[in-house]
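After this come two complexes, each holding subunit A, first together with subunit B and then together with subunit C.
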Partner chain A sequence: MTTTIPVARQGVYRFSDDLSEDTIPFTVSAPNPGEIDRENLVLRKLGVRCWGRLYHFRNYYQHGWGDGHGRTLSPRALEIFYRFIEEAAFPQGINPSLFLTDEGHLELCWDSQFGGAVQVEFTPSGAEYFIERLGSEDTVPFTEISVLAKRVLA
Partner chain B sequence: MLWTTYRGFLKDQMNDSLPIPRLDRMPVRINPCPIIEAIIEIRFVSTESWRTMPGLLFSHIRERYTVSRDLPLATFPEDFRHQNPALMYLPLVQFVRTNFLIQFGPRVVSLVTSPNQYPGWQEMKTEMAWLLEQIKISGFVSEAERLGVRYINFFTEDIFAHLHLRTFIGEKALESHEVSISTVFRHVPMTARLNVSNSVIVGGPDNPRSGSIFDVDVWIGALDFELFSNGLQRTDEAHDFEKRIFFGLLKPDFLAKLNPEYS
Partner chain C sequence: MSIGAEEEIARAICTDKWDGIRLSPSLFKGANTSVSRLVLISLEDHWDLFRRHLEKPPERKLERIGQINVGRLQEIGRTYKDPVSITVEPDPVQWNPAHAIIPQNITRGLANKICDALTIHAQ
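The block that comes next holds the complex of A and B.
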């Protein structure tokens, strides 16, 4: 089964007929250039459910989603999220859930293996976290995201 | 240097991951100029609805860009566009002046040279500095997502014969075939996508020409630039990286035929 994306604008060049591919199979989804490592990272560490939710947040949640006030996913928050995931080592059996907040931030939540919930909200400047078991919450700049990844999973 | 950038820089140096020769010096001009289009692109998110955005920008640029025209995608319903990620960063409107176009969409604004009229980097950068100021005043950018510089070069001959870049099947080089190569290089904080093809058509129905393209798109991600403070400086760095890829891949004898001028 194939579909054809309509030509959006005439580019300054086009490939010869034999080289051009005018149908895109549904079964193939090419990530944005340079992002295959990140796609793999999310799949490996958070699983297919979170990967799918992130894909939708990135591609289908435009400004005004939800009740009309939801913001587009913040590109900086997304970058910080990726850097957190790169450093995070989730214990086996922990299945984080991923949400998009009304402000366009990403929120990652999971039940700690020591009990209680852990929430990390990724913002354009860093992250805010809450560890229920310790009753602790704080904000960290994005330069300390690596430290945070170890702290919330300890 | 940002911590994240520095760490990436070290990783990059250790891996020496850029397989492109580095020239001692790079030309400032070649003749004939193969650049058919150069683009500086800003991707962003906004809290403004698309309906108001063209007006916000146009009111600040209309003295230079007197003509505006809708692009074909603008005729598609908004709901349809929202359901197609492939359309997200495409422009819907074009503003035109001599030598330059501004292309504008809900998530993208770009400065584009008129086809085959590349005026040189300094002039392009000067125009970009002015455009950045107008974008800032217009106030529709909530957050910048990506800053890119793209150069599309056209050659009438098979460009693979003149590049340090070839494709092989086993030991045998693919020559005299229609070939298109896409690859991505990372050079923290920049990423570059290189497209080279020896089978393209450029120009409109009135003056189509067949040949090769050498298309390099270099960009910087959201955490590695501040649009209104160091955005212009970052475009300079992306431009330098683009030149390194272009001139690094050209064979010296071919470069010599392009009459390079050095500063």
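The block that comes next holds the complex of A and C.
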């Protein structure tokens, strides 16, 4: 016995092109390997405020944010930021602040336990730092991020 | 022609530069920093203007407005350890006829001094 599969009728309604199945990518987003560990690292070292701000910067600030010139968060700058906080041993009660620069860099600021502000801006090539107490301002390549993490917290 | 030392200028402070505790020094770091002239548009009207044009994405909110006198800004530049001759140049744009820029490259250390001198307005 043969069964004939009914031919699908042409529907009365049609999806517009941007909603048709062909244009919707059927993918499931899984976190990158190690992503959960990194989220935990940010939570543990910088607290929930910085974690929430990083989430916003990563997910909502697309190219052209703000006045039209804001750049999306640089993946390399983010990578260097993670390396830095892996190495950094923040004293209790430091309560850092995290910002996004117009160039798409992350900027971490806190008040040193020895007095004065400390600021580190993570760029695609390394980091720029400022230690108010010493009046020092300089840049380091990404290969010296571990050294910088010790220097700015010493 | 540069804006006179007697004028007051404003800078929008949005979520990316303010976390409720600290102000980001990158607000004034770098070249061609956008500011707005209070002599042309009042501070009250700047709240609406900035909200309409700068709250993109919607999660980015206008949190504060920083205000500083041009003469004070120039004095900070002059007296910094590596002196900078700061000017403010008119740069009207379609959405903001009061728009102006600080063309000089401001270092992080100097940007910190400028941020410390700002009058911060909340609404």
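The rule we apply is simple: the second predicted complex is superposed on the first by the 120 of 154 C-alpha atoms of A that agree within 3 Å, B and C clash if a C-alpha of one lies under 4 Å from a C-alpha of the other, contacts with A are read in each partner's own complex, and residues count from 1 in each chain.
By definition in this document, contacts are C-beta pairs under 8 Å (C-beta built on N, C-alpha and C of every residue); 3 or more make two chains touch, one makes a residue touch a chain.
Every value quoted in this text rests on a predicted model; they were computed, and no experiment measured them.
In the overlay built on the shared chain, the residue A:S97 is in contact with subunit C alone; subunit B does not reach it. In the overlay built on the shared chain, the residue A:A88 is in contact with neither subunit B nor subunit C.
Of the two partner chains, neither subunit B nor subunit C is touched by A:V152. Applying the stated contact rule after C-alpha superposition, one finds that A:E107 touches subunit C and leaves subunit B untouched. By the document's definition of touching, both partners, subunit B and subunit C, reach A:Q62. Once the two complexes are overlaid on the shared chain, A:L54 sits clear of subunit B and of subunit C alike.
When the two complexes are overlaid on their common chain A, residue A:T143 makes contact with subunit B while staying clear of subunit C.
Of the two partner chains, neither subunit B nor subunit C is touched by A:V42.
Contact with subunit B, but none with subunit C, is seen for A:P124 once the two complexes are overlaid on the shared chain. Looking at subunit A, you'll find residues 60, 62, 64 touch subunit B in one structure and subunit C in the other.
Looking at the complex, you find that subunit B touches subunit A at residues 2-4, 36-37, 43, 45-49, 71-73, 76, 82-88, 90-91, 106, 115, 142-146, 152, 154, 178, 180, 182, 184, 186, 191, 193, 197, 199-202, 204, 210, 213, 215, 217, 221-223. Of all residues in subunit C, only 14-17, 19, 21-22, 24-26, 29-30, 34, 53-54, 56-57, 59-60, 81, 107-109, 112 touch subunit A in the complex they form.
Per the touch definition, subunit A reaches subunit C in the complex via residues 49, 53, 56-57, 60-62, 64-68, 70, 95, 97-103, 105, 107, 109, 117, 119, 121, 128, 130, 132, 135, 137. Subunit A contributes residues 5-10, 12-16, 18-19, 33-34, 58-60, 62-64, 71-76, 78-80, 83, 104, 124, 142-143 to its touches with subunit B in the complex.
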